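Both complexes below contain chain A, partnered by chain B and then by chain C.
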Partner chain A sequence: MSDTPMSSGSPDDDDDPTLSFVPDDVATGGHRAKPPAPPGLRPPPKRRQRVLGMVQRSPLERKFARLGWRFAAPSLIVVAGVTLFPIAFSVAMSLSDVRVSSNGFELSGLTTENYSVLFSSERWRHALVFTVCYTIGTVLTELVLGTAIALVLERLSGSRGWMMALLLLPWAMITVVSAQLWAYMYNGVYGVLTSLSENLTGEARQFLGTPVPAMVSMAVADIWKTTPFVAIIVLAGLMMLPSDVIEAAKVDGAGGWTVFWRVRLPLLRPALTIAVLFRILQAFGIFDLPFVLTGGGPGDATESLALLGWQVMFTNLDFGPGAAVAASTAGLVLIGCLVFLRAFRARVGDEEGGT
Partner chain B sequence: MLCVLTVLGSLLASACGSSGGGGSASVAPKDVGPASGHLTWYAINFGPEGFPQKLVDAFQRDHPGITVTYQAAPNNTDTMRATLTTEISGGSGSIDVYNGDVVWPAQFGKASLAMPLDAHLPDGYWDRFPRERADIAEYRGEHIGAPLYVDAGLMYYRKDLLDKHHLPVPKTWEELKRTAARLQRSGDVRYGYVAQWANYEGLTVDWTEMSAAAGGRTVSRDGRRPAIDSPENRRVLRFMRDMLDEGVAPSAITSFQEQQSLQTFVEGDAAFHRNWAYAYGEANNPKTSQVVGKVGIAPLPAFDGEKGPGKSAAGGWNLMVNPHSDAIGAALTFIRWMTGEKAQRMLAENGVIPARSDVLHDEDLQRGNPALKAAADAPLVSRPSGIARYAQLSHGVYTNVNGSLAGSASPGSALHAAAEDIERVLEGRAL
Partner chain C sequence: MTGTTEAAEPAGAPDAPVAEDGSRTRRLRFTWVHAAALLIALFVAAPLFWMAVTSLKPPEEIGANPPTLLPKNSTWSNYRDAFGTNNFGTYLFNSFLVSVVATLLVLGLSSFAGYALARLPLRGKEPIMVALLMISLFPTVALAAPLFLLMRDIGWLNSYQGLILVYTALNVPFAVWILRNFFLGIPKEMEEVAWVDGASPLRTVVSVILPQAAPGLFTAAIFTFTACWTEFLIALTLNTADRFRTMPVGLALFGSQFTVPYGTIFAAATVSVLPIALLVLIFRRAVVSGLTSGAVKG
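Let's look at the complex of A and B:
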């Protein structure tokens, strides 16, 4: 870089269009030197100035910022009260010896005992493996189906609105209610699916009575419900795709498959990333489906981490280990999402660099 | 990160430093206050729809100085426990009296979620209940709840089918299986036997009954060691598996709770059905049942070679008092009225099994209600709920038994695994 640190924003700094009406020379007292644009890149938009990593702001900007904080303060306090405090409290609970007495919770000492109970527990390990496999399996399936549905929807013209409303029905339904519907269909004696399987194969299949079918049945109910969500997000992504790129590819002689795999799908990555991220967060915390459908059974085949945490906390009244389940689950899903974002973002960046 | 640690540190610092080991006695003796004011009673609806409100109305007529609000609890024991735990452990006094499951006293006593009642009730108070029913409301020698109503596992059978084939009511489990299979072969009924074998507390109930019918136990008499891995219990689990393998029990039974098993029975699809006393009323309800007037009640069978009849699991609910209540005086008056003769007769007349011995054994009431007579006569067996960690212990029982019934482990290895799980619970090492 040829410019001085006083006058330039670093190229990876965010541009802030809301503040761009403040001219750069105001911010730096009139002395400015525009950096030459690196070859192959758009000229960098106006950026805020940094000195040794600190953002230098004009008095007007500072005033705006103060005003902004003041407006945001009430909601920030609410967020701190209802989000940060409970999280901090459950982390504190997971690291101490918790007793319930007539004065409420009593936390004492700093201990890792709750976590060592957790990590040495076969039940927890099983719930972890189940939850991870379940998340990967359902999210992948939903992604494939959702993308396929979105591609069909994109082609529809007049009936698209109706189709979307229809598709969104399962998504709009409260999970406990839809799980109850699935429970009726899976019912081992009177279930519609049970008698259907009896007519087809001559033998009444049990959907929830044995481990593997129970897992698959639960996954099917989940996929049925959340695929529309993925489809809508992917559809939104598809609508945003620039048509010129696709036309250019077609002009270059690319067939439908090639256009899809090599042009449209890579361009869809941001939409897919969002869909997958939301779904991972939800699937990892799955509670209502196993709660209604299987109670975690048969045995503990379909016991998810969330169900386990609930049981430890509110059935066994073991608040320390229960909080440890909750905190470790939150930690794991956070790490999982960060890893996923890192991997995907990097590749999104590559694509953009290549186009 | 620093900020999180600071919050953490301050939380820990502000928390009380008292160490564990305290019991229910840690509830400070409290001036119970006058027998007047306002009460909130939290309970799952029991008896016919709207019955708790009828009890409240009758109570308020007798005690004009006390007003009671009946607050309906979600119809799921675990969900109700979760609500109570959050409320009471958070120090809330918004619920004054609540119904507590018969297996809760030890756990709730240990966690100070319910107030010990002995000091506040007259000396002879507990004599009105059957001894074993009052005893299971105790934790460390103190009554944590007052028995409100009782329940017992009973065997329901299709009277019409047994009469048609001139078969006696089975006295042993083996005979029941043979009879059931014969009725199935005749084509009169689809399944032989339905019960609650899903992965939940109800399976521990059914298991406790069948195990007792073979002379087995789940935990040793002193409550210190698992006793589930025994020849008696292996016989029971093998028998349950045989029922499934031979098609006497539907393969769906491993996902049956009370509702599903009852549905199968009232649809006329099962010859025998184990359930609580309320099932008699449901099976004779013309709106929902196909088998009205065709249902007989019997005590549970024993296994061949054991003394019959088999024991019924003790169920039912207690009245418990929130230690944070502002109206403990009124709550105690409410409890004494609810366990008094008038309220208990109301229970019996509405198909709920009363907890008072005198009402339970009242012959006039029994004449009109076969379920009451059967429940009053049934010998009882308790689940090992005197252990404060009973919820985990029960989980160790029902997951392993359910897993074995679903075919994922042999009876021998399932009971071995259950014994290991129970041992971990008793040593305080289980999750």
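Let's look at the complex of A and C:
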């Protein structure tokens, strides 16, 4: 991990470098009214840690370290047992010949056959292209819309709390529910959107019947559910922008547009990075929405990688190739995130991002 | 929802550092802003409205073309159908049980882990935090098959404990992130006093630290609960028996390929949205601050 942009803090092992990109204020940024402690009362954490780091480990400190491991162990064991172990098992499964027998599954041999099956599969390539395009398309749209909504909400004084509560509803909703809801609204016979489009354009539109409209319709349903999430993160970022910098830009004669593009947007980078990162990960692993809304159809048009992997594993019971789909999806997600963080040079909450 | 006369809402977010503009431009902007806000509210609320309205319509109106804006003969029969004739009551109970127990377990585990990672001199904190972050964002499809095989071997398919264990593990990482950030903000003097007074480490955490971090616990609880309440893929994989289905699985698998009984589905769906809606409406401040502290997740 040492080459990620995040770990550019102190090389000192005991001086927790994460502190350098985690301003304490961020945790309470949503309600600055009552931070856990006034900053003046807080001991400067950085300095203190550095002092600790230079001191050789004393018996007392070793005692505290043991205590720390005892405190952290239950969590780490549960997480490792239920996530890391299965991930490793998934990778192992994808690299071996999985046989379904009467008494369970047998893994044998080391083979890359599952992956060669994958790479030569038209269906997988389509799922990959679809998932990538879908992710890029929805995340970009959500970013633009979410930022616009955040800018509107920022100017809204009186009813902002209620607007935010309303925006949180789609975010907190069961995805299956929103998928059923949109499926009903898109329904070719009695869907309200079908009926609306008929009234507006004069022809009844079949939203889910042909590939491209189905993809767009699914994206719209997704955008409806997750744009509010982006908006709220961006709004939180807007709230934490230092007002003096913006004041200074205005005093220097910058217009509203210039201030936005040249001052506020660059300052918003950490918040935007977070929102995009979250959304990329969610969109790339999308499963519930196509499962309910389109069933991956028409044909394989809206079949995402997660849906493909799950169906290969649990409908066709082809655990080897299914594991290859799942493992390669996970790998792509990992690579995608690292590339994105690199490209964005995101230093979350460093000097320019903090309050 | 967007009225100008509403009292200032202190809960939503801290006051923005909005520059003081001249009153004339401000009045101009108000109208523009409110039109936009109204549009946003409509876009967000319309599908929700449609769901609630449809759940009150009789079958012939649900399938009517053109659709009716409000039900002509509103009826509760869909609700009776969902919770009387069909098993949505069971699904609701299952979802509740699994989500509540998993949330409690997550809070218990991640408080101590978060405290250790915030305060105690562990080596390798940063790799642990980064690993937790990666895990919490991992696509769950990669876990489905191995977890299915594991649960099958120990006989926990179609059980509460299997799903609870998985949900706990999937949500501990983010809860640790949230709580660690709250713990970092608590003045060290508090615990130093407790140490000096001879309190045991366990006691210090439980009676000194945790009360201080109540908002953080709260945020972590809401996030975990919401994540468990909405989770679909793992529940679909592990609990296939009707008796152990959670709400999302029940809603997704209800009906057949050719007839989808939307009235029943939306009645159940409306009920499933209510607890979350209440939670979010009442505790929106905690949720928003959680999303903000999620800003640390990268």
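The working rule: the second predicted complex is superposed on the first by the 283 of 355 C-alpha atoms of A that agree within 3 Å, B and C clash if a C-alpha of one lies under 4 Å from a C-alpha of the other, contacts with A are read in each partner's own complex, and residues count from 1 in each chain.
FYI, a contact is a pair of C-beta atoms (placed from the backbone, for glycine too) under 8 Å apart; a residue touches a chain by one contact, two chains touch by 3 or more.
Not measured: the values here are computed from a predicted model.
In the superposition on chain A, contact is made by A:W182 with chain C only, not with chain B.
When the two structures are aligned on the shared chain, A:A65 is found in touch with chain C, with no touch to chain B. In the superposed model, A:W310 lies in contact with both chain B and chain C.
Contacts of A:L118 after superposition on the shared chain: chain B is touched, whereas chain C is not. Using the contact criterion defined above for the overlaid structures, shared-chain residue A:F89 touches chain B and also reaches chain C.
Using the contact criterion defined above for the overlaid structures, shared-chain residue A:M164 touches chain C, although it does not reach chain B.
Using the contact criterion defined above for the overlaid structures, shared-chain residue A:Y190 touches chain B and also reaches chain C. Between chain B and chain C, the partner in contact with more residues of chain A is C. Judged by the document's definition of touching, chain A residues 84-85, 89, 104-105, 189-190, 310, 314, 325 lie at the interface with chain B and also at the interface with chain C.
On the chain A side of its complex with chain B, the touching residues are 84-85, 88-89, 91-92, 95-97, 99-108, 110, 117-118, 120-121, 123-124, 187-190, 194, 204, 206, 208-211, 294-301, 308, 310-312, 314-318, 321, 325.
Residue ranges on chain B touching chain A, taken from their complex, read 4, 7-8, 11-12, 15-20, 22, 26-28, 78, 81-82, 85-86, 89-91, 107, 111-113, 191, 198-200, 250-256, 260, 263-264, 267, 269, 323-324, 389, 391-392, 395, 399-400, 402-403, 405-409, 429-431.
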